[in-house]
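Take a look at the structures listed below.
Both complexes shown next keep chain A, but they swap its partner, so chain B is in the first and chain C is in the second.
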Partner chain A sequence: MIVEGNYLLPGSPDAIWDLLMDPAVLAKAMPGTRTLERVEPDRYEGVMRVGIGPITAAEFALGIVLSDIQRPQRYAMQIDSKGRFGFTRGLARVELVPEANGTVMRYSADLQIGGKIAALGQRLLESVSKLLLRQGLEALNQELQTRLGGAPS
Partner chain B sequence: MTSRYFGERVLRLEDTRLLTGRALFVDDVQLPGMLHVAFLRSDEAHARITSIDVTAARTRPGVIAVYTAADLGDYWRPGPLLVPPPPIQGLVFNTATQVPLAKDKVRHAGEPLAMVVAESRYVAEDALEDIQVDLEPLPAVTELEAALAEGAPLVHEQFGSNLAAQVRQTKGDYAAARATAHTIITRRFHYDRGASAAIENRAVAAQWDARAEELTIWDTTQAPIPIRNGLAPMLGLRESQVRVIAPFIGGGFGPKIMMYYPEEVLVPWAAMRLQRPVKWTEDRRENFYATTQERGQLHDAELAVAKDGTILGVRDRFLHDTGAYDPYGLTVPINSQCTLLGPYVVPNYESEFTAVFTTKPIVTPVRGAGRQHGVFVMERLLDFAARELGIDRVEIRRRNLIPRDAFPYDHEILFQDFRPLVYDSGDYQAALDKAVEVSGYARFVREEQPRLRREGKHIGLGVVSYIEGTGIGPYEGARVTIEPSGTVRLATGVGTQGQGHFTTFAQIVADVLGVTPDAVQVTTGDTREFSWGSGTFASRGAVVAGSACHAAALKVRDRILTVAAPLLGVPGDELEISGGQVRVRGATDRAIGLGELARKANPLRGAVTPGTEPGLEATAYFGPDRGNTANGVHAIFVEVDPETAAVTILRYVVVHDCGTVINPLVVEAQVQGGVAHGIGNSFYEQLSFDENGQLLNASFMDYLLPTALDVPTVEMAHLETPSPLNPLGTKGVGEAGAIPTAAAFAQAIEDALPDSGLEITEMPLSPCRLYELLVAARERRTDA
Partner chain C sequence: MKPPVFAYHRPDTVEQALALLVEHEDAKPLAGGQSLIPAMNFRLAAPAVLVDLGALEGLRGISTQGNELRIGAMTTHSSVERSPEVARVAPLLAEAMPHIAHPQIRNRGTLGGSLAHADPAAELPAVMLALGARLVLQSAQAERRVAARDFFTGLFATALAPGELVTAIEIAALPAHSGVAFEEFARRHGDFALVGVAAVVTLDEGGRCREARIALLSVGEGPVLAERAVAALHDEQPNPEAIRAAAEAAGTDDIDPPADLHASAAYRRQLARVLTRRALSRAVDRARA
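== the complex of A and B ==
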């Protein structure tokens, strides 16, 4: 499954970069994330729970490894999640491009999905992932607004 | 034979038990202390196994045992090669049979990794979650051509490629024929996978009786005797210590043949090891991975014809998807190769296929077993040739049919039963004529279709012919016993999955022994009741087992006459058997009931002379020299919505010839069911795998089966050309309905939309896929 798009966020690439590296923010950007910890400078581990069609509350162990880190322009994330209902894995790339009224976050991911979520949730996967993505970006936006707004204090 | 029931529409004797819920299915087997099994299956299609940690699962309350490949010790071994390849010159075959639990590598999604035995299925399923599996994913192998390309990932490294087999069979000189052809039709055809989707999934239950030292296995198998023969030595037991019971089974369709499935091998082993009865019942989702599938083939075919439509020759090269393993040998692709020739005179034939390993579930026969691919390719080629030559589609077929006086007809290649592909009998002209008559072909094409088109209705008709190789060997047997109660007991080794064996076999025996069919108690599929035989497959039950029942009944008839003659004081040839009695012909008062005769046939002391055998009982076997060939014609009327590509089937006509008909009701039901299956394979059922080998529609929510609303009641006409290869003259019919459906369907849709430029060369279709093809055809025409 290919996921890609752009999203305009307020603030400079540097400010957004810091947020994106913060596991608490990252967790909000990925709806369904229950826990997320930075176990090494470039490695995060956590637990996610999502529902797709007939599969409700599927829990996945989540691992994210960052690579190709070029602060504050771009980085890549190797995502690996697996659980009783299957797995998701793939490489996601994030690019931050400064613009007049903020920063455009360009994202693209090629995800492989397997097991029960692929077998039973296929017809809903795309709409569910779009929904989650939109929720995530909105959450990220909100977090950004809050943090940047509160920054002076 | 005095025929009173043979050929009659006798109501199915087993239906009372089935309809009132008294029939035993494997999942009904409940034994005290029974344990339940769940399997952990790979989510990956292709991966190296790094580690499997079952420690936590073993400690879960209620879990009795957890096994991985490492725990099986010597019991872990690849399954047997079930059908070795036939002796065809130059044949290449790489054997890779499935393993009970994956050890180093998984080769398809759903391959079992671990087995949990617990006090209940709930606990067993929960314990699956406790197992930690580390798999290192490998690239999947899903496309046939890509699988054979240089550098493709390998399913089985030891072969150095994904080639599972290569077989070439030829007849005549195709190249020479091609050089003289008026027209050459060349096309690529693709047939994709479906599931057999029997209403009952697979199940196995086993009980080890330590006192009797006997193992009883209830198994949804089509071949209980081979399963017994195979499992006994694997488990270190004598054949006589193992009883395999294949009770009532809700549909076989091929995948329930003697596969020695992992579950079939492991459940009895666990029952012995744990000294407790153990049961596993496949759930529907497992069925999409764990039960074998069929139909993936890619054909590049060419038909050379003369100006008048006479077939000069056919060349076909095709790839056959055998899945991750090839335990069933080459039955499916050889069926495709042979059945392509159909009812036609094809003087020159060149056919080569390559079977390919992929990281998908295993492929073995599913109702039709490769035959539909051959029929689809040939019938489509004839359709395209007819169009190009301006010949009517029925006419081009008629011109090429094997004439009725040409039997036995030798196609000069080898069939799946290792015998030459020689058609025993048939009247293909009569079948086509009958189909034309019943369907009203001429009037439809001349008057109705033009009128409907003027009214804006897009109605199409498809008419295709097919043959079906049926009733192959090696053999089956039967034992007939007349009990003192007067009941006739009949036992045969084949398993039964809904075919009506309890009725048709009873009819055969009833006529010979002068009783009513309901006086014949039939037992099938219990190795304790009958110990020799091979199984239910290749539309062979009525032909091979039916003939054995007949032979055994004739022997008992002789016994009746021998025992009764001295008692009634006349020679045996003056006796007749009817109404459950043997009597002096013409003297109604000089008779003895068969039950009483059975008692007298068990002599008391003083009544025995040396050589006396007790009882009215006999066993007989039947093994045909080779399979026989059934045939038929399907005609389908469809309405197609050119905007949405929705298809409605308006009428379905089947004319078929399965030799002598034992019971028209049973035959009609087989054809009707087969057509339903064929309609599914044509328009609904397709297993969608992504490029990573993940099955994307593993539930009936997304995998569509035709419902009663989609399948019309088939209008049927029976023709009977008796087979000379067995005493009853019967041929098989179990698969017939499913074989030509796709070819008929494709022709009818094109016929409904004659100006669309649509050409169907793939199966199965769906409304969505048909719509895409229609749009593509429209675009081609616009561009042109």
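== the complex of A and C ==
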């Protein structure tokens, strides 16, 4: 499944870049993240707990490895999550483009979702992904506005 | 497959059921169980406590008061399907019923259960939006009424608060010169529809479209009201050109459908156009009759 889009964030690419590398901020962009630690400069590990509607929330072990790091223009994230209900893996590319009133974050991810959740919930995967992405971007935007305090929005 | 271990209660009164839901934070109300039990058997859902509403006879039954139909939340799809009162006051609902899954599921599944579950591919949420129905919600403290358009808030998400139950659905009869139609497309009858449309059209004395409501299913996170399609029809003579323009708006502007193994987003848009056109044509014909 390919997920891509643009999202306008407050602040300059430099300011946003530093915050995006902060595990506490990164966690906000991924709904359901319970813990996230930077175990190496370019590697994060954590735990997510995700549930939708009738599905009881389940824990997923989460690993993120950064590559192609070109501060403050772009980076890529290899994302792996695994839990009782299945797995997600894929590569997400993030690009920061300065604009008059902030920074546009361009993102694209090619995600593979497998296991029980993909077999039983196939018809819902895209809706669920869009929902989590939207919640994540809104939470990230709010976090950046709080942290950058009074930055243009 | 077997569900994980859970505690089971079968209260005799609505008050007891509400008290149990308050007492056990991780309790799920069990209506007809046609979605919840499979999810539990696949171990996707694992509520610690089930509160079976099956003994609450007060939540079952169909009645009319003046121009208004009231259906208890625990009324089965089959009972609604066969009800002469539903056919008379809410023919759209009667027309949609046979599209819901299979007869075996309709024998056990309930109206309130389907609405509270809020599956984006379910027929009833869209039908309730098109009919402008109200849901009666009850908690241990109070009873409130919520319009269908405010009840469905997202993917499997509703305005139900924790500890609240749907107890009834209220549907007002449509004004004179109204017509309705329901259309859906599924690869096999009983499968989740790829797209569905519920349409209500009311004409004025001059035969122009005074009011319309078009609701689509399986094209988003929940049922979607096609507002641009309605705007294209408003105050127009609903001739084939106007209906075509409304159907085009429904498929192009009103929805952002998901893709899955069964249908691409573009295919869902095309189905929405075709089915909206068919539903509106039939609804208009009936409104003129």
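Convention: the second predicted complex is superposed on the first by the 145 of 153 C-alpha atoms of A that agree within 3 Å, B and C clash if a C-alpha of one lies under 4 Å from a C-alpha of the other, contacts with A are read in each partner's own complex, and residues count from 1 in each chain.
As a convention for this text, contacts are C-beta pairs under 8 Å (C-beta built on N, C-alpha and C of every residue); 3 or more make two chains touch, one makes a residue touch a chain.
This one's a predicted model, so the numbers in the text were calculated from it and none came from an experiment.
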{"item": "Partner chain in contact with A:Thr146 - chain B first, chain C second, else both or neither", "value": "neither"}
{"item": "Chain B versus chain C as contact partner of A:Ala118, first or second or both or neither", "value": "first"}
{"item": "Contacts of A:Gln73 with chain B and chain C, given as first, second, both or neither", "value": "neither"}
{"item": "Which of chain B and chain C A:Gly86 touches, first, second, both or neither", "value": "first"}
{"item": "Partner chain in contact with A:Lys130 - chain B first, chain C second, else both or neither", "value": "second"}
{"item": "Touched partner set for A:Ile52, first chain B, second chain C, both or neither", "value": "second"}
{"item": "Contacts of A:Asn6 with chain B and chain C, given as first, second, both or neither", "value": "neither"}
{"item": "Where chain A meets both chain C and chain B, residue numbers", "value": "54, 116, 120, 122-123"}
{"item": "Interfacial residue positions of chain A with respect to chain B in the complex", "value": "54, 82, 84, 86-87, 89, 112-116, 118-120, 122-123"}
{"item": "Residue numbers on chain C that touch chain A, as the complex places them", "value": "35-36, 39, 42, 44-47, 117-118, 120-121, 154-157, 192, 220-221, 258-262"}
{"item": "In the complex with chain A, residue positions of chain B that touch it", "value": "43-45, 109, 128-129, 137, 285, 288, 688, 690, 692, 694-699, 701-702"}
{"item": "Touching residues (chain side chain A, partner chain C) in the complex", "value": "52-56, 85, 116-117, 120-128, 130-131"}
